[in-house]
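In the two complexes below, subunit A is the common chain; its partner is subunit B in one and subunit C in the other.
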Partner chain A sequence: MMAVLTDKRLVRTNANASAVALDLIGLGKEYDGRWAVENLSLTVPPGALVALLGPSGCGKTTTLRMIAGLIEPDTGDIRFGGDSVAGVQPERRGAVMVFQQPTLFSHLDVAANVGFGLRMRREPRGVIAERVRAALGQVQLAGMERRRIGQLSSGQQQRVALARALVTDPRVLLLDEPLSNLDPSLRDEMRDLLARLHAEQGITTVLVTHDRQEAMTLAERIAFLSDGRLQQYATAPELYERPVTVAVAQFFGMVNLFPASIVEGVAETAFGPLHLPDPTRNLSEAVIGIRPEHIAIGYGENAATGCVTNRTYLGQQQRVTLRTSHGHTEVTVLVPADMPILINQEVTVSLPAEWLRVIVPGGAATSDTPRG
Partner chain B sequence: MATRARVTPDISRRLRRSRRPMLPSAVVSLWVALVILPVVPLVIWSAAFSWRWPDLLPTAWSGRAWRYVFSPTTQVRAGLIGSSTVALLTMMLALAIGTPAGIAVGRMAFRGKRAIELLLLAPFIVPGLIVTMGIQIVFIHLRLADTMQGVVFAHLMPALPYVIISVAGVATNVGVQVEEQARSLGATSWQTFIHITLPLLRPGLAVGGLFAFLVSWSQYTSTLIIGGGKVQTLPLLVYAFTRSGDNPIAAALALLFVAPAVVALALASRTLRVRQSVVGGRL
Partner chain C sequence: MSRALVTRYALRVTRQRPTALLLLLPSLAVIALFLIGGVGFAFAQSLGMFALLGDSEVTLRHYGDALRDPDLRAALVVSLRISVVSTLIALILSIGMALLLRKRLRGDGILRLLFQLPLPIPHLVGAVGITLLIAQSGLIARLLHAAGLLEERSRFPLLVGDRFGAGIVIVYVWKEVPFITFLLLAALSAIGEQYEEAARTLGASAWQRFRHVLVPLLFPVMLSASLIVFAFTFGAFEVPYVMGRTYPKALPVWAYEGFNNVDLNQRPEALAVSVLIALLATVIVLAYGSLSRRLLTNGR
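Now for the complex of A and B:
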């Protein structure tokens, strides 16, 4: 999985030799005494697609607008290909934004919309017409040049917006939730189109989204933001398997989180003593996490008995919540849907040491840079 | 069963169709009564030689009034030029000042915005005569009294709010994001204003500009007082002939006075309707 991902990135990077790296260095923005974005540092390698993921209000759109130059950061610096763009007007940055709403110019037709950026640069008419035609072909809207914006469906509008951005050859492409206004069926189509265009053109891209799935399927690396802070900047499997903060763990579905103190490889929790796999340093305050699908029913390592309080049918699986007899801690388990389990039944669960994750307080990545 | 299902919507559709023109036709009749009917006596008067009570129509006809109106030697031409110049200048100035102001009022949140919105309505509330008396004193000091510039500035006061209010209304809907999009695509702030903001504000500019023109076109008191008789406009002429009792010429002038307004309104309503249907098609 990891190898494939790395390979893909190499191919993508090679697709565009002129792609620039994007560096955010200690970026911060304060609104009314509250940091919307605080000390955010990360590097997007040339030609990579990176997602800024997080719940609404986490500062991801603010970050995107700072990269675009639509708002000025209060602290830190933004660099395109190593050069600071501080104080550079948005139109001179070459960072093109695609908004959640297509934001088409309703007084212009499709061709004039797509050619807008080139026209502002005073490119020759013939060049503009040719490139507009090519761009419309790329987004499967060939021959739609003379359509009015009002005649397009929402999916077509979003594709026009995308073509309008791509035709300008942006140094950095900024996508602000480009799929969240579309119907589910259109969303898949648009996502595939985005992935294909990115693979073909290799433009350094930042995608803002609150959708885990969207980030995981499109991005090579994901920067998870919460409360204006970068929590973790890693690949999807790393975020999924090895969250470094409670916020990441919760967002990626690691719902079993037990506050713990660790002494000599044993975590003291309300669930009971948990034996950890690796030698861990002693910690007075830590959180032990485990994904519900990794908890086994029956006796085994780190076992405890509890009473089933809730079960939810999920199709292939069922989610069972139980409350342990000692410590009265809630544990959520995913088990096959056909396993006969009743409310109030006594069930023993075991937490395999290999799946236990130790989350250390203050583990948030403040200055993470991609490895490899 | 099947036939009933087919008949029922048919009837309801016919009912709806028959009910729909009812309201517009009532409105049209009222409009005719209020706007067209008062013009009829004017048309008759303008071609009358003598028209005394209780005759239904004039006993004698004459082309004297219209000959006077179109004669190059009379004051009518001066009045027409004066009215047009003042109204066009007022409209242009009102658009130039009112557009940025309207964008600010429509979009920005700033301290005292409510107060400014209320102040915009002041010209509708405070009688024009009172304002004119006040500014006349100031204009005399500024040497603007008895000049066309002075008259234009005086007309600007009642005209400006129309531009600001109509532009503000459109600007609120246009939003800032479309401008950010243009900037991000490589347009400078000036290019964005020319290529994006202004075209999108066009309905507001058309309505505001039209009203500014018409407000200036129909000013009487302020032209009289600030212009001091040096600036001749059609309303001054109409009033002079009405006072002197020359009904045929007053009527012909009044018709001439109304004509541009009717033409402008018809043009504006047509362009606005086209725009509206485009907007409607998008939704």
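Now for the complex of A and C:
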């Protein structure tokens, strides 16, 4: 039992017994004949924090607004704790949204802002004051009740916005790029605060972000969206190491992608024949990917020689791009910064079979629920 | 503002940048002409400095006469009533209009044009047009009579030259609603919808969002727009002149008729009233300035 309790997710679930699961089932939204979100299905377990990640215009904010009820979906259903919220007005859903801009009410002081939702519900004054005080403590703004919004820094304003959402005890917390408007130093601080608050309160949370780092550090699972479609719904290491679509691979920095046809465990690519580690089924169309840090300099497995076309100093490392002599394919490699490499130098690189990833066309997740 | 101060400032400007003064000169000249020439002259005459009446002595007697005049008190009541009622009705209608048009107006050029149509039409034209429409001898009464819905045209409610000034209020509302709506729409598009959305997900109903989010956000615009409308309707002459009763008259009409009276002795008193109107408008504007500044600094 003790061993089970140390499991992060179980502890979180215990922190908030009333946390609800969030189900998106075949969700879709069409604008002018184009699907902004198409057939999106995923489940957020009770009390979990899941990130919707993707480039701008991928449909992640549209999805969040549909969960909030601010946009009516064209297809599919949304369920809180198993119950459909279709047709339930946003003000009655209990899905509270925190925006990129703090959207605080500048005519009210900090306490009145935080207590806004409770006041709308006509909670007794004493209850409001007590809960506002507690919420301000949670976001490290204790004693700031009487401050004016204009007197606060941008980081403090965003924390007030967070307290304003948390104090209403939402069933689902929706965060729409809540950190993008902050300075880098404040962003780290705010990210830690979000992680801590989530661990304490265990509110089912959906975080929309375009920042890979933010998603990886905060979310238990990441739903990667591209062109309105869910590409992969998995943990950060899975997305990083085993992307199932080219879009995921590119977004997570797997820049070496070679179109290939696979016959008996060997992939024919422009780079040359690549021997794959595991027995793979034959495929006429596939993409072989490898991360730049996994490519070795020197002769070895799956080797080829090329001419250095570019090198970029990155501090500890340098990024070297070369063009292979046969096939004229670009390969990007990360090597230690002190390795002497010159432009136009001939370099041999090898692609260890254990790091080669096969991306199968149509590999995008259509319906995925977390395992375990 | 003393002329010496203006001169000193002008000199400083000239020393720094000679062309600056040159460029300012046309507008300065117009402002000075109106301020010193117009209001100053009227003020001087209201103090009794009126060469045509022979001996001129500086006195506040005409102000005393004006304030004691029961006609003035009646005119003041008429003007205040018309201004307050017009401003309130226009403001309320404009808020409704702005909220209705807010979503529709984005791409709709024709709707925008239609609703802005009264903006460039002069008040005088509006007054005459609406009189032709709503007077007992007007188009509406005639049509109703012709259709057999009205036995006699005199049964049609008296809207022009009535005790209350309903026709005047109608003209002001017709003319000022587009103006206030225009300002409110501009403010609404600057505010965006995110504040309401945030309030909505926090559980605020439509009425609560209006009452607790939109009204406070729009308050500065509502205040300034209604003060402009109030000051204008209070001091404007043409509409009550066309549509008002002979007694009691609106304040500006009363002042104008006193000014044009064959009895030149009436003129200083009429000008005293004009100065009082200008003073009242100035006080309102200054009060607004300090009020809005206080609201702004509170918001900081």
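Quick note on the criterion: the second predicted complex is superposed on the first by the 366 of 372 C-alpha atoms of A that agree within 3 Å, B and C clash if a C-alpha of one lies under 4 Å from a C-alpha of the other, contacts with A are read in each partner's own complex, and residues count from 1 in each chain.
We take it that a contact is a pair of C-beta atoms (placed from the backbone, for glycine too) under 8 Å apart; a residue touches a chain by one contact, two chains touch by 3 or more.
On a predicted model such as this, the values are computed, not experimentally measured, just so you know.
Peer 1: Following the overlay on subunit A, give me a clash-or-fit verdict for subunit B and subunit C.
Peer 2: clash
Peer 1: Touching A:95, do we find subunit B (first), subunit C (second), both, or neither?
Peer 2: Both partners, subunit B and subunit C.
Peer 1: Of the partners subunit B and subunit C, which touch A:120 in the superposed model: first, second, both, neither?
Peer 2: both
Peer 1: Contacts for A:68 in the overlay, against subunit B (first) and subunit C (second): which applies, first, second, both or neither?
Peer 2: Both: A:68 reaches subunit B and subunit C.
Peer 1: Contact-wise, after the overlay, does A:106 reach subunit B, subunit C, both or neither (first, second, both, neither)?
Peer 2: both
Peer 1: Quick check for you: in the superposed arrangement, does A:164 touch first (subunit B), second (subunit C), both or neither?
Peer 2: Touch status of A:164: both partners.
Peer 1: Which partner does A:179 contact after superposing on A: first (subunit B), second (subunit C), both, neither?
Peer 2: A:179: touches no partner chain.
Peer 1: Applying the touch criterion given at the start, work out whether A:148 contacts subunit B, subunit C, both or neither, answering first, second, both or neither.
Peer 2: Touch partners of A:148: subunit B and subunit C.
Peer 1: Could you tell me which of 20-28, 146-154 or 200-208 in subunit C overlaps subunit B after superposing the two complexes on chain A?
Peer 2: Clashes occur only in 200-208.
Peer 1: Show which residues of subunit A both subunit B and subunit C reach, each in its own complex.
Peer 2: The overlap between the subunit B and subunit C interfaces on subunit A comprises residues 68-70, 90-92, 94-97, 99, 101, 103, 105-107, 116-117, 120-121, 148-151, 164-165, 168, 174.
Peer 1: What does subunit A use to touch subunit C in their complex?
Peer 2: Touch residues, subunit A against subunit C: 68-70, 90-97, 99, 101, 103, 105-108, 116-117, 119-121, 148-151, 161, 164-165, 168, 174.
Peer 1: Under the definition above, what is the set of subunit B residues touching subunit A in their complex?
Peer 2: 177-178, 180-189, 191, 195-196, 199-200, 202, 278-279, 281-282
Peer 1: So in the complex, which bits of subunit A are touching subunit B?
Peer 2: Listed in rising order, the residues of subunit A that touch subunit B are 68-70, 89-92, 94-97, 99, 101, 103, 105-107, 116-117, 120-121, 148-151, 164-165, 168, 174.
Peer 1: Give every residue of subunit C touching subunit A within the complex, in rising order.
Peer 2: For subunit C paired with subunit A, touching residues are 194-195, 197-205, 208, 212-213, 216-217, 219, 298-300.
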